[in-house]
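In order of appearance the chains are A, B, C and D, and numbering begins at 1 in each one.
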Amino acid sequence: MKAKTFLYFTKEASIGLSRNGLMSLAAVTTVAFSLIILGCFFIVITNCIHFAEMAKGVLELKVYLKENVDPAPLQAAISEFKGVEEVRFVSKEEGAEWLEKSLGVKNLFVTADNPLPDTLDIRLDPKVNVKKLVKQLDSLDGIDEVAYGKTFVEAMLIIIQIIGVLGICLITIIGLVVLYIIVNTIRLTVLARWKEIEIMKLVGATDWFIRWPFMLEGIFIGVCGTIISLLLLTKGYHLLYAYIKEAAPFIPVLSEKIVNYRMFWLITMVGVAFGAVGSTWSIKKFLRV
Amino acid sequence: MKAKTFLYFTKEASIGLSRNGLMSLAAVTTVAFSLIILGCFFIVITNCIHFAEMAKGVLELKVYLKENVDPAPLQAAISEFKGVEEVRFVSKEEGAEWLEKSLGVKNLFVTADNPLPDTLDIRLDPKVNVKKLVKQLDSLDGIDEVAYGKTFVEAMLIIIQIIGVLGICLITIIGLVVLYIIVNTIRLTVLARWKEIEIMKLVGATDWFIRWPFMLEGIFIGVCGTIISLLLLTKGYHLLYAYIKEAAPFIPVLSEKIVNYRMFWLITMVGVAFGAVGSTWSIKKFLRV
Amino acid sequence: MIQFQRVSKTYSNKTIALTGIDLFIEKGEFVFLVGPSGAGKTTFIKLVIRRELPTEGQVLIGRKNLSLMKNHEIPIFRRNIGVIFQDYKLLPNKTVFENVAFALEVIEASRKDVLKQVPAVLELVGLKDKAKVFPTELSGGEQQRVSLARAIVNRPLLLLADEPTGNLDPDTSWGIMDLLMEINKRGTTIVMATHNKNIVDRMRRRVVALENGQIVRDEQKGVYDI
Amino acid sequence: MIQFQRVSKTYSNKTIALTGIDLFIEKGEFVFLVGPSGAGKTTFIKLVIRRELPTEGQVLIGRKNLSLMKNHEIPIFRRNIGVIFQDYKLLPNKTVFENVAFALEVIEASRKDVLKQVPAVLELVGLKDKAKVFPTELSGGEQQRVSLARAIVNRPLLLLADEPTGNLDPDTSWGIMDLLMEINKRGTTIVMATHNKNIVDRMRRRVVALENGQIVRDEQKGVYDI
């Protein structure tokens, strides 16, 4: 293709857009708004997943040891189990200290024997299979009970997993839907102009000659929609970020930089690529003249 | 309007839809898909809010009493505070029992004095202002410490509040966006046919005579989109519900009946009403002939 | 019936289509509007049906001043005028039958009337066989006749025909002219813009000649050329 | 140049437009295609530019059998044919200049050629002033001349004119006919479907008369009627 011809296509595309002003506007705004939906979902879901990841960091199992058992070999054995990240020994004295502190009383066991067991605190890998691990622990000698927070840990792990699965399902569905809307919107603008395509063919234009300006129009609509939606989304996330940091600083929100960076790629790809695909695919039917 | 004329309009609308088959199809699917997005959001957000509401039910503050203080008047006074739902007295003996049970040891304090304080367990109203309540409690005579879970309770309350606010914001934004997409899609189908409108006007048709069939077409597109999206959404929620009940029965998911009921109204209103508005509003411009 | 008082029309792109037109056409007249391409014939017709408003002067139809007409009056007003458009202006999504019927539907005619009159008028223009066909499936001349059929189906008081025989062979054209004369005899005022010299010369009716947006000739029993 | 071998065309709605057409048109000929409305003239032209395919028989243009032509060959093929369409087929979003230039753009002519030839051909058809105007802002006759300008701007080997004077006054029509004869003299084959008796009778060229989709007459130096 000659440079001159490409220039011509670009000119054609921009003329086409401006002379179909109302249609172009409708298409750009629809694309922008669809991308905003995608972006909103993306922000919510990536943050949920991030939140869940963070939550994994606090998961723990407690193992109570029988009296007078040497913790070292047990600690070493447990460290090897699948799904275990770290094993920490907490002696009965440390346990009493912790209990005193958290109950707000002093000298809890000065007049009596310390009845607390020695403990191993196990920090879990998020990919752990808790049931299997508990079985393994139970089968060890010297262990009295695997107890504290078992159901809580199990529940947390499942919730985290569900958030991940649902999040990815949802973003995929919404992504496809948004794609479809974009392609369809551009399709509607092309449908309205099928007569032009017929005329062009009758005058001797090749398919590519007709397709290029339409494709560039589609890309341009995609680009405009992308820019508008990115501006609104980054602004929106900026406000949201500030709001949450202010209202609930303990919630782990993804930094603006990370979100904007990922969102930029997602939205740009979806918007621009499918603007082009939408128009190209739409005129196909009308080229058979 | 004569019945005959209305019949004519309905016939016109259905003819218009079928003879613009491709356009109608594109419009119906776009509307359906936009409504699916709205529905997905609705499902996620109502369930989050529901989850948060459930979480509120477990919020508690603990107040440790000084030794030998009569709990009854304090209990009565605290019951009157704003944000307090219920106050329960837990004696030091009950406290010891609970501690024994949760530590898995027996006869914790048989050889010693029970060093635990008497306690008042306060169940909170979700709309509580925790800081203010704690101040009020601190100022009471006979109270040693307001302690257990203070920051946790505060954090939970804020998270619940944020979920509520963000959820409503999001559903509003998405609702508006979906509306816009629907109106715009129908607008595109009308834009493509402005010449027809001009011709009708030149032959002596009144604005209403032209508007009715377009409006009915818009409504019909809305209805079709609504039906398709509701079918897919209820089916989808059915699967999701089963999945979560299976994988994580402890998560409080809204029943299908409630979700379907609310969703039905939301989607139907948005789809149908704005189908009509979309087309009516779109032809306005072209009626000035 | 039609009265133009110092009417000028300049389009929004500054094209001057008509300037200082003064014309009176009586009820029941048959007037040929002639003139070279771009003289302003179609613009004249657009002014009569209030598709455009004059930039200067007044257009009066009956006793109505079109510039003062309210929006809701326009459709009612147009129902008394039949127009054969130069570009036919058929509804692409309606069949031939439906296109013609549309002129009756807008006046909420009864189903019976529609079923009686539409086939009758299609018969008149020779398109009985094409009732169920869409305009895109018609030849040029057939489309022109559909436009004619729609214009006359509700027996308007005024018939405006913009080049109604441009795509018709001489025989069919004469058939159409006979039809128009028949309608004219029943009292309908007819204004026909045309380039067909043969027809104008043989009919010897009033001829108004436009050139560059001005009336250059207005003769009773005139001919196409000077 | 054009060869029809027992060609029949039935449209998808079962309308029989042409039946058993046998015709040979030599390079450089000037042929009038006449016949009543709906006789099949436009269908004939559509077959020549491969807008439609014959349901029976063969259409050969040059040495090409159109039924066997591959998809990618069609645009190239069409560039050697200029067509004045009965309904003009102008691009509504392009100005007059751009519409005419389009026929040059598709063959990737240089900017210089476009800027030279388009104004020249617009001058020829008398639309120099209207270059920057959109088709919707033109009169019927002006649109027809734009279609003509586009058809001749790239000097095609074959020119198909479907009722090219239908919306033109006699003077302008003769101007256009002079232009066509000029082009014909330079070697371009011309097939012109027309209802204009005056023109056919005065030019005395080959006349092919269609009726009901069949050739009923084929005379050298013929006239419109029998």
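Keep in mind that, in the parts below, contacts are C-beta pairs under 8 Å (C-beta built on N, C-alpha and C of every residue); 3 or more make two chains touch, one makes a residue touch a chain.
Everything quoted here is computed from the prediction, not taken from an experiment.
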Set of chains whose contacts include both subunit B and subunit A: none
Identity of the chain that, by mean CA position, is farthest from subunit B: D
Computed distance of Cα centres, subunit C from subunit B, in Å: 61
Subunit B-subunit D separation of Cα centroids, rounded to whole Å: 65
Chain-level touch network, classified as line, ring, star, complete or other: ring
Listing of all chain pairs that touch each other, if any do: A-B, A-D, B-C, C-D
Touch list for subunit A against partner subunit D, complex: 2, 4-5, 8, 15-16, 19-20, 196, 198-207, 209, 289
Contact set on subunit D toward subunit C in their complex: 11, 13, 15, 34-38, 41-42, 86-87, 133, 137, 139-142, 144-145, 162-163, 166-173, 195, 197-198, 224
Residues of subunit A defined as touching subunit B within the complex: 22-23, 26-27, 29-30, 33-34, 36-37, 40-41, 44, 64, 103-113, 115-117, 144-145, 147, 155, 158-159, 161-162, 166, 170, 173-174, 177-178, 180-181, 184-185, 187-189, 191-192, 240, 244, 247-248, 250-251
Residue numbers on subunit C that touch subunit B, as the complex places them: 49, 51, 72, 74-79, 81, 83, 85, 89-94, 102-103, 105-108, 110-111, 150
